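Below are structures written as structure tokens.
Look at the two complexes coming up: chain A is in both, with chain B in one and chain C in the other.
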Partner chain A sequence: MTDTSTRALAARATRPTGTPTRGRRALISLGYFVIPIAVVIGIWQLVTILNPPAPFFPQPFAIIANLWDLLFGSPKAVQQVFYGEFLQTVGRMALGFALGAIWGVIVGTIMGLWRGARETINPIVEFLRSIPATATLPLFIILLGGGDDMRVAFIAYGVSWFVLINTAQGVGAIHKTLLDVGKVFKISPARRIFRIVLPGAMPKIFAGLRIASTAALLLAIVSEFMLASNGIGYMLVQAQGRFQLLNMWSWMLALAILGLIINTLLEWIEGRILAWHRQSRART
Partner chain B sequence: MTENTTAQAALVVDHVSHVYGSGPSAHHAISDLAFSVQPGEFVSIVGPSGAGKTTLLRTLAGLLKPSEGGVIVDGNRISGVPAGMAMVFQDYSRSLLPWLTIEKNVGFPLEGKKIAKADKKAIIQESLEAVGLGGFAKRYPWQLSGGMQQRVAIARALAYRPSLLLMDEPFASVDAQTREGLEDLVLKIRDTYGMTILFVTHDIDESVYLANRVLVLSRPPARLAADIKVDLPEPRDQITTRENADFIRLRGHVARLIHSGGDEE
Partner chain C sequence: MTSTTVPRQTRRSPRVGAIWRGIAGVLGLAIVLEIVSRSGIVDQKYLPPFSEVIVRSFTLWGDASFRNDVGSTLLTYLIGLAISIVIAVPLGALFGLSNRVYRAARAVIELLRPIPPVALIPLVLLMLGSGMEMKVVIVVFAAVWPIMFNTLYGVHDVDPYAKDMARSFGIGRFGIIRRIVIPSAAPFIMTGVRISSSIALIVVITVELIAGGAQGIGAYISRLRGSYSDAADTYLSVLAATIMAGLIGLVINLVIGWLERRFFGWEARDSA
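Up next, the complex of A and B:
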């Protein structure tokens, strides 16, 4: 039997009888999510049909159709816009997020484990993270130029704080007994970090990663407002400059969908990695 | 103490003193404590609350460096956690890893050690069966009751195959009936594996019931108030042992020592 099947068994065991099955519950939660959005879109559509013209607020169905057209309308569009703009933004964001998260976990762990390190680093962290990350973009451009490396570094810098602070808190809150267990059984220091410290801090680390993922998308778009030649942020300012409001709205919609996908993905990963945490809390 | 007895003893506490902090706020936890434990002995350590029992145990485990004196395990003066020593902690809910299954928790001490996978599996299974949890390998700690969790912690210590087992008030937070079962389990395990056991407790009856010897600590700074030999018939039994006149006399003796703070009656 694998871990997953035990977890599934445990989940089945904890569910009180008479509650809906997993599929039904998913359908219900999907309904709660879809229906309010559908209502808003319906009203919006209705208002724009009844009250033409509304140049700043295109019809929602027109926005959706236009976005589909932009991304997948023709083989050329897929090549130029989907790969050339959409995936550019996603790539920068993902790389910046990953680097920032790794850096945040490393520094956060050091701060969480050693009081001396915490007391030395904390004032610097508190000061630097008080500068709005977006305000550091001009500095990053001067230091690293207008290329992708600058954008990735800027995103990584901005998101690292959320992961760092949460990791430091999570690691610092690990009970001393748990650390003693590692020492008593002569587990090597590296193993103690990867098998005790990081799993123990994982619930907190994930809380940081969630905020960081939102910030990563935000910073990716902002970084593409300046000195960029592609990406969704670049397309947004281009559309604004040319007064192509339908395109502007379409790109905003694309970002909303992207944000949702990232959040759902992270939630799914978290649900798998932290099943023990959720279930053990449900017990007490 | 001659070198000869040092070599024979499983554990020698060599005039250990420990002070927390310094200056006027310093806390003298242990003062010039000296005793030795022979291989296979079951020694209980009792004392008034705050008597430095935990400080002593952390020192023996090599987790704390004493201000003065030292600890000798199997003839070697320790400078860190000694090999062949396992520990069962008081707070089972904090000593088990909640993200690992029972079998992985029990196998945790073997991680990174050079043991074949099949052997590890066998050791884990045997250890779980020794504590009566053979069927719970795939569960998680938080799915088990407190008493069962402490059994897992004992199985984990067994998987490490220690020659010396330290137990820090291991049954302080389980109910009375569960506690009796766990006490007899520890005695059974000692007989099966032939370990030396040092058992810290604040429960006077428990200290006498389990041990071959009871060490009574005084109020802090802790020193050895008494070293009492327990010569009760084996195997111990929860009902008849506790009815035994010697048991009643011994527990009275220990209780008086503790209530007087370690001064002679």
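Up next, the complex of A and C:
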């Protein structure tokens, strides 16, 4: 008992004044996270209570409660609807994202490795890329109809540009010596691509994937706005059409949370896969 | 290829070979599309001959309503971008100068930023109707973030010695911000504006497409799709209008890139 307290005293003595302990630092950053949000929600709640006729801005607690109800509420049907819509959107988005990312990495690698290919394709890529992806949605609908495959193709198309451009840049920036070393050691081309080219371009590719993930959610929702029978975007439009503002806000909150989850997930994966990259950069 | 012996060239004058290859690529694609369509491998209804699409994208400009729509889209884009700059630059500077303010605001920002701007369309549509205000609000919500964060990075990046020196010359707080912080962060701000510019254009057209009703290129495409008078002809117009949207985007990107090089060419940094 006395031993620990003296050690604590000693620790406190050696610590330079003004630098809080790790525990306190965590508490402070938690405070910085919780307090501002609490203040905003508190003000909003107060204003809506004191100023009742605010049809467009329901009380924040009511929104959260409503979302909770939709998510975990007892009526089974409602719950089914929510999980159904949620998973529909997420599934289409994930599939489109994956297809677009694969396509982008393939074409980007080709463009990065061969200058001839890059110079030939580049004007086409630059032009197609500047067409707002959402503006091509009517074309996709006319060509592929209103089904899920159309939505997945549309998301994949819109997502692929971000990955393609970044992959091409990343692959193009790999030092030529590295590639030559692979050749000298007679490593097979496939292995060279998977062991040298792609890992070297990985930091850039991930930067593209992060932008692409945000775009994927946006494109998924847009495609559901225009023509759909399920999904979060569809529910949002339905709520708007029926003037159910509470539901609308709940779906919007759900979208914000979904966006936050996707961002965090990708950041986490990036941190794990690119740990070597950060280490090697820290050393130099 | 002789040009391989030439050492690296500057970016402004791409190699002649690159230009020819680019032209060859575009022409090749055009010819393939033309052949595929004319030969009937793919139904002409779905893939009209490339030449007809090009012709249509020129004749579109003869349509007064299309010209109005283009004007409306550009106006919305400009207003939205301008408001975004006015909001985002001071906020970014404030966050960059005071770490405490930034930390306090960060939680709210992190919660707002992942909201897809289009998710706001139903709400803003109910509140403001389908006019220009609605479009501008959503554009601003989308375009504010890159400018704000780039301003913040730029302000962080200011040389502390320059600030100290200005202080020792007796320049006041606002003098330092105006004469040192803002000019030295300007290239970063410009990068943010360039990113936001393309986002703003995309969002304008998207909102027009979804919310319909109002004017704009997106609304034009949306109206066309609604009128199923002559499917093939409508499709041709949709295709041409989409290509025009791309062309407008390309021109805007080129202009912004040129402005950036013209005014901030001394800043070789590229932090996008």
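For the reader, a short list of remarks on this structure follows.
Operating definition for what follows: the second predicted complex is superposed on the first by the 245 of 284 C-alpha atoms of A that agree within 3 Å, B and C clash if a C-alpha of one lies under 4 Å from a C-alpha of the other, contacts with A are read in each partner's own complex, and residues count from 1 in each chain.
Just so we're on the same page, contacts are C-beta pairs under 8 Å (C-beta built on N, C-alpha and C of every residue); 3 or more make two chains touch, one makes a residue touch a chain.
This one's a predicted model, so the numbers in the text were calculated from it and none came from an experiment.
Per the definitions stated earlier, placing chain B and chain C onto a shared chain A by superposition produces no clash, and the two fit side by side. In the superposition on chain A, A:L113 makes contact with neither chain B nor chain C. Comparing chain B with chain C, the partner in contact with more residues of chain A is C.
Look at A:I37: by the touch rule set out above, it reaches chain C but stays clear of chain B. In the superposed pair of complexes, A:L178 makes contact with chain B only, with no contact to chain C. In the superposed model, A:K186 lies in contact with chain B only, and not with chain C. After overlaying the two complexes on the shared chain, residue contacts for A:A65 are found with neither chain B nor chain C.
In the superposition on chain A, A:W276 contacts chain B only, with no contact to chain C. Of all Cα pairs linking chain B with chain C in the superposition, the shortest spans 5 Å. Residues of chain A that lie in the contact sets of both chain B and chain C are absent, per the superposition on chain A. Per the touch definition, chain A reaches chain B in the complex via residues 1, 3, 6, 10, 175, 177-178, 180-181, 183-188, 191, 195-196, 199-200, 202, 276-277, 279-280, 283-284. Touching chain A in their complex are the following residues of chain B: 61, 63, 81, 83, 85-87, 89, 91, 94-95, 97-99, 101, 108-109, 111-112, 138-140, 142-143, 160.
In the complex of the two chains, the chain A residues touching chain C come out as 29, 32-37, 40, 56, 116, 119-124, 126-128, 130-139, 141-143, 214, 217-218, 221-222, 225-226, 233, 236-237, 239-240, 243, 245, 248-249, 251-252, 255-256, 258-260, 262-263. Those residues of chain C whose C-beta lies close enough to touch chain A in the complex are 17-18, 21-26, 28-29, 46, 103-108, 110-112, 114-123, 125-127, 198, 201-202, 205-206, 209-210, 217-218, 221-222, 224-225, 235, 238-239, 242-243, 245-247, 249-250, 253.
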